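Lettered A, B, C, D, E, F and G in written order, each chain numbered from 1.
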Amino acid sequence: MSEMTTEILEQNLGKVVLVRLKGGKSLRGRLKGFDQHLNLVLDETEDTTNVENVKKLGLIIVRGDNVVLISPPPR
Amino acid sequence: MSEMTTEILEQNLGKVVLVRLKGGKSLRGRLKGFDQHLNLVLDETEDTTNVENVKKLGLIIVRGDNVVLISPPPR
Amino acid sequence: MSEMTTEILEQNLGKVVLVRLKGGKSLRGRLKGFDQHLNLVLDETEDTTNVENVKKLGLIIVRGDNVVLISPPPR
Amino acid sequence: MSEMTTEILEQNLGKVVLVRLKGGKSLRGRLKGFDQHLNLVLDETEDTTNVENVKKLGLIIVRGDNVVLISPPPR
Amino acid sequence: MSEMTTEILEQNLGKVVLVRLKGGKSLRGRLKGFDQHLNLVLDETEDTTNVENVKKLGLIIVRGDNVVLISPPPR
Amino acid sequence: MSEMTTEILEQNLGKVVLVRLKGGKSLRGRLKGFDQHLNLVLDETEDTTNVENVKKLGLIIVRGDNVVLISPPPR
Amino acid sequence: MSEMTTEILEQNLGKVVLVRLKGGKSLRGRLKGFDQHLNLVLDETEDTTNVENVKKLGLIIVRGDNVVLISPPPR
């Protein structure tokens, strides 16, 4: 992982990020942890794949190989 | 795996977790063990993919590369 | 593989286990051997994917990367 | 690969085995060689995917990552 | 990664690149960082998959294994 | 790769082989080179996927991870 | 990568090659660089997937794991 990726993720610890997964699932959750495989720990997570039916997932661990992209909140 | 992931999984040993697998399958089971690939041992497992037809699986080993996300119970 | 996974598989050597594969195939067979990739040797195996048309496969080697989950018999 | 897998494959060198591949293809051929990735050399191979239209393939090399399961002949 | 790939990406740091992902998604964003796995950091990113419905994503991290191709702007 | 695989491929250098790829594509070409990942160099290659519309591809490099099976000509 | 693959690619630096990608996309571009994973740098690239709607892509980096085959121009 580039230093910039690490830096961005560290700066966003405790903030709400959007995560797009393979297969089309979208998550929104508070970033609590990560590692170099982009395994993520998110809290207060919502499954926002279907915006008309958002589901609460709470605390989750995401296996990094499912991640397509991670989007921190606008600064 | 980040220390936080390990920590969360260790804190939830013996508790019921939700596991989402690639391909859309959902499981609910008591976390008995795990390793750094997210291979999991679950007990009293139910396949909850179809909520109207929950199937009992009992004790299972899940190969980690199938895991999308793991959700511990609300605290 | 966690020690618990190894232990569970060792305890079930000689017993009938259920194996779910990627792509939806289900097998039931007597566990004869395994390794750390979850490559399996099963005997008296039946393909139980279609419960109305169970097929006898006998002795088989399963390549571990196809395995989703392994379920030992109820204790 | 477990010693048992190696042993089973070695015992079946020169014998006809069934091989199921990812994507649903089925092969029947005489096992001539193998390695630890389950790359296989089969001779007198037939593609038995469609039992009403078996195709002769003769000598083939199968790349191991396509293999789902290998079934030796009944003893 | 070849030296040429690194060189091209370095020359385009700060410039807008097009990124095509597996599954058909297209992104356009300002290249802020990259590593040898083609993990990317893009800023001012837009999802241009549907040209009639471009979505603003802002700052994102793209996991490299999703990348099909990267296209720098015309020189 | 087993010694037998290497031996078969070496014996068929300069001969026409059939190659089946993931996704169903079939190629026929003269084997010019190979390596341990089954990356192949084929010459005078034809795409024989659609037998009613064979396409000439000439000299090609095939990335090994796409290969399902390789079939040398009958002896 | 076999020496022959390297040799062929080196001989075709600066020449127009055809590249077939997983998922069916076809590219035609001038080969500017490559590495042992078949990551490619192509210039003056065209997406020729739909021959009735060729799209200009210009300079691109292709991630090697998407490559099915590379075809140099006829000699």
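As a working rule, contacts are C-beta pairs under 8 Å (C-beta built on N, C-alpha and C of every residue); 3 or more make two chains touch, one makes a residue touch a chain.
Given the structure is predicted, the values throughout are model-derived calculations rather than measurements.
S.K.: Hey, what chains does chain C share as contacts with chain D?
M.R.: Chains in contact with chain C as well as chain D: not a single one.
S.K.: In terms of touching chains, how many steps apart are chain D and chain F, taking the shortest path?
M.R.: 1
S.K.: If you average the Cα atoms of chain C and of chain G to get two centres, how far apart are those centres in Å?
M.R.: 42
S.K.: Give, as an integer number of Å, the spacing between the C-alpha centres of chain E and chain B.
M.R.: 34
S.K.: Hunt down the residues of chain A that sit against at least two other chains at once, touch-wise.
M.R.: 65
S.K.: With touching defined as stated, please give the ring order of all chains, chain B first and chain C second.
M.R.: Beginning with chain B, then chain C, the ring reads B, C, D, F, G, E, A.
S.K.: Quick check: in the complex, which residue numbers of chain C touch chain D?
M.R.: 21, 23, 25, 32-35, 37, 39, 41, 45, 57-63, 65-66
S.K.: Where on chain A is chain E touching in the complex?
M.R.: 1-5, 8-9, 22, 38, 64-65, 67-72, 74-75
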